[in-house]
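For clarity, chains are labelled A, B and C in written order, and residue numbers in each chain start from 1.
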C-alpha cells in the first residue's frame, strides 16, 4: 500500500495526465457529477457518484463501426477505427468497477467484441472507496464491498491522505509509473476507514434486501408471475433506467445515410422501447408488461442463469434516483420477496 | 388531507360509482411516489398517499385507463387538471369514464433540489406545509418548503382546478405574475452567441432516454416520429449535435400551443436539462404574438397553431424584436 | 476537412416555393431573364402550409446555409388559408431558432405572387447576399453530412 499527501493530489493528477488521458468525476454547474478529462484546475467531485455510469468509457452511447462509400455499383467499406489512446479513469466506485466485470462477460465472451476489447485494453480503472454511501445504495446485496473496491488499483481518501493499492498487474504498472510521488505505508488508516464505512453500510435501508426468491424459484414461475402486470402499470416506457445503468449492454446497429455514403454505427438500445427487437415479422414483445418484465428478468434471472449465478445488477442505485415515476429494481425484488 | 382523500375513495369504491382509483403509491422513502391503480379499500390502506411528495402528473395515465371497463376515479392537482382538460379536448381521454376529485396543491418537494443543497442519504422526509424535515443517514435537517420545490413548482402557473367533479379543500387562483417567464426573458436578452452556448451546454447533456417525451401529457402520438423506422429520423441516440437540437426542437414544436406547462419534462430529465424553458418560450411567444393563451384552461378555444387571424404578425417580427444582435 | 482557401464562399440556399404563386413567380423571373444566384435550390411544395418545421431543419442538416419559404400573399392562398397557418408556424419556429442562438438571418419567409417575378429575383439576390455575409452554417450542421 502507498500513500500520497492529499495536498499533492493535483500534482498526482498532473503526473498521470502527462503520460495518458485522465478522467475524473467533476461537479457540473448544476452540482451533478460527470466524468471529465482532467486539465489543470479540474477539481475532483465530492459527490458519491456520477449521474451517468462509467460504462461510457468502454461501451460509449454510440460507436462508429464503419463507413460505406458508394461508387457506381461498387461499395467500398471503410473501417474508420482510429488507434485508441491510453487512458486512466480515476474515482470509479465499487459498483461501477464491478459493472465492468459484468460487461466483460458479455463483450469479451466469444465472439469477442473488438471495439469493447480495444477500449478495455487501453483503459486503467482506478477505483475510490466509498465513505458516505447513500440511501439508494445496495451494492452489498450483490456481494460488493463499497469500502474495498475492485478495479486495477483501489484508492482510499482520508482527511490528509490518498492511499492506493494495486489489484491487478495493470494497476501495479500504473503505480510503478508514479511511484516517485508515493511513499510506502501500512494499511492501518485504511482499515480504520473500512471499519467505519462498514458500520454505515450495515445500516443502509436496503442492506438486508434478499434476492433469494430469484435463486429458489424457476425461470418459468417468475416469468409467469402475476406481479409483473401490477409492477409495470406505471412504467412510462422511457429508457432512463437502461441508459443510466452501468450494466445494461443492449445495443442496436443502425445505418445513417449521409447523402454521399452510409455511416454504420451502434448505439445503446433499451428493452423498454416499443421498437426494441423489432424484426421483419414484427415485435416479440408488444406490451409494456413484457418489456418491463424483460429488463428485470434479464438482470435477475437470465443473466445469473448464464453466468454462474451472478446477478446483472451492481446496486449503484442510479435507476432508483432517476426513474421518472420511481419504479425500480428494489421495488421489484421486494415485491417478489414478500411472496 | 390524505385521510380525507382515502375516505372519499373508499366511499366511491364501496357504492360502486367507480371500480378503480388512480393515485399515488408510497415508495421506499417518502419521496419516491409511484402512480398506481388501486382496486380495493385494502390496497388503498396499504399504499395510497397524497402529500407534498406526489409530483407525478397522473393525466397521461388516464388515456389508457379511461378506455378500460368501468368508471375510474382519479385525483388531480391543479396543474394536472390542465393536462387532463387538454387531453379531453384532443379526444384522447374518454371523459364519461372518469370521475375527477380535485385535490389542492401547495407545491411539491423535489428530492433533487433537496440533494442539490448538499443533503446526502435521505431516508425519510415529512412536510408540514411550511417546513420539510429530512432524516438522513447522517442526521436530521429541516428547511423551509419553499427551498425544496423543483422548477415545476417554484413558478406555479395556477392553483385553480379547471376540471373536476368534486373538490376536496378550497380551490386556488390562477397565478398571473408572469414570474415563470423570467428565465426565458433572461435568455432572450443574451446575445445569440451566449444563447447558443447556453443551449449547446444544456442539450449536449441529453442522453436521448426519451423520459421527457414519454412523461409529457401532450406527447400522445400512438407512434412517435422518432420511433418510426421509415421517418428517416428514427434515432436511438444523438450521434451528432444536430440531432440533439433536432429532437428537442421538433418535440417542443409538436407540443407548442398544446403544452400546458406542467413542467414534467424538466422534473424527469436525468441530466437536469431545463427543457421547460423551450416550451415556455413557445408559450411566451404565443401570448405575445397571438394573445394570451393557456392550453388546457378550457374545452372550447382553438389551439393557436390551429388558428389564425388575417392580421397576424409576419415571421419577420423575429428580426425586429428583443435580444441583442 | 479540406477547404479550398482561394475559393470564395458560395452559400447553399434552399427555397421552399408554393406551387401556385411563388413557384410561378420563380418561373416568371426565369422567362423575364432576371438574374438571381444559382445557389438557390427551389423545392416545390403544394402550399406553404406543407412545409413542416422538420423540412427546414433537414435542409440545414443536409448542408443548407439558409432556408427561405415563399408562398402566396396572405389572402391569396390557393387553398384559402394554408399560408395563414404557415405564417404562425414559421413565426414560432424562427423565434425558437433565434432563441437557440441560430443566426436569425438564415431563415426567412417571403410572400411572392405569380406576377412578382422581379420580387422573386430581388428577394433571392438579397437573401443570398445576407447568407453569404453570415458564412457557412455551423450551428445547425450535421458533421456526418459534410463531405470529407
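Simple rule for what comes next: a residue touches a chain if its C-beta (ideal position, glycine included) is under 8 Å from a C-beta of that chain, and two chains touch if they have at least 3 such contacts.
Computed from a predicted structure; not experimentally measured.
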item: Assembly fragments, chain B aside and the remaining chains unmoved; value: one piece
item: Geometric centre: closest chain by C-alpha means; value: B
item: Pair exhibiting more inter-chain C-beta contacts, B-C or A-C; value: B-C
item: Chain A and chain B: spacing of chain centres that average the CA atoms, whole Å; value: 30
item: Chain B-chain C separation of Cα centroids, rounded to whole Å; value: 36
item: Chain A and chain C: spacing of chain centres that average the CA atoms, whole Å; value: 46
item: Residue list for chain C, restricted to those that touch at least two other chains; value: 144
item: In chain B, residues with contacts to at least two other chains; value: 239
item: Per-residue overlap in chain A, given as positions that touch at least 2 other chains; value: 256
item: Chain C - residues contacting chain A, complex; value: 62-63, 144-145, 147
item: For the chain A and chain B complex, residues of the former touching the latter; value: 30-32, 48, 51-52, 61-62, 132-135, 200, 203-206, 233-234, 236-240, 242-244, 252, 254, 256-257, 265, 267-270, 273-275, 278, 320-322, 324-328, 330-331, 334
item: Residue ranges of chain C in contact with chain B within the complex; value: 53-54, 57-58, 60-61, 74-75, 81, 84-85, 87-105, 107-109, 139-144
item: Interfacial residue positions of chain B with respect to chain C in the complex; value: 187-188, 192-200, 225, 233, 239-243, 245-246, 249-250, 252-253, 256, 278, 281-282, 285-286, 289-290, 304-310, 312-319, 323
item: Chain C contact footprint on chain A (complex, rising order); value: 256, 258-260, 263
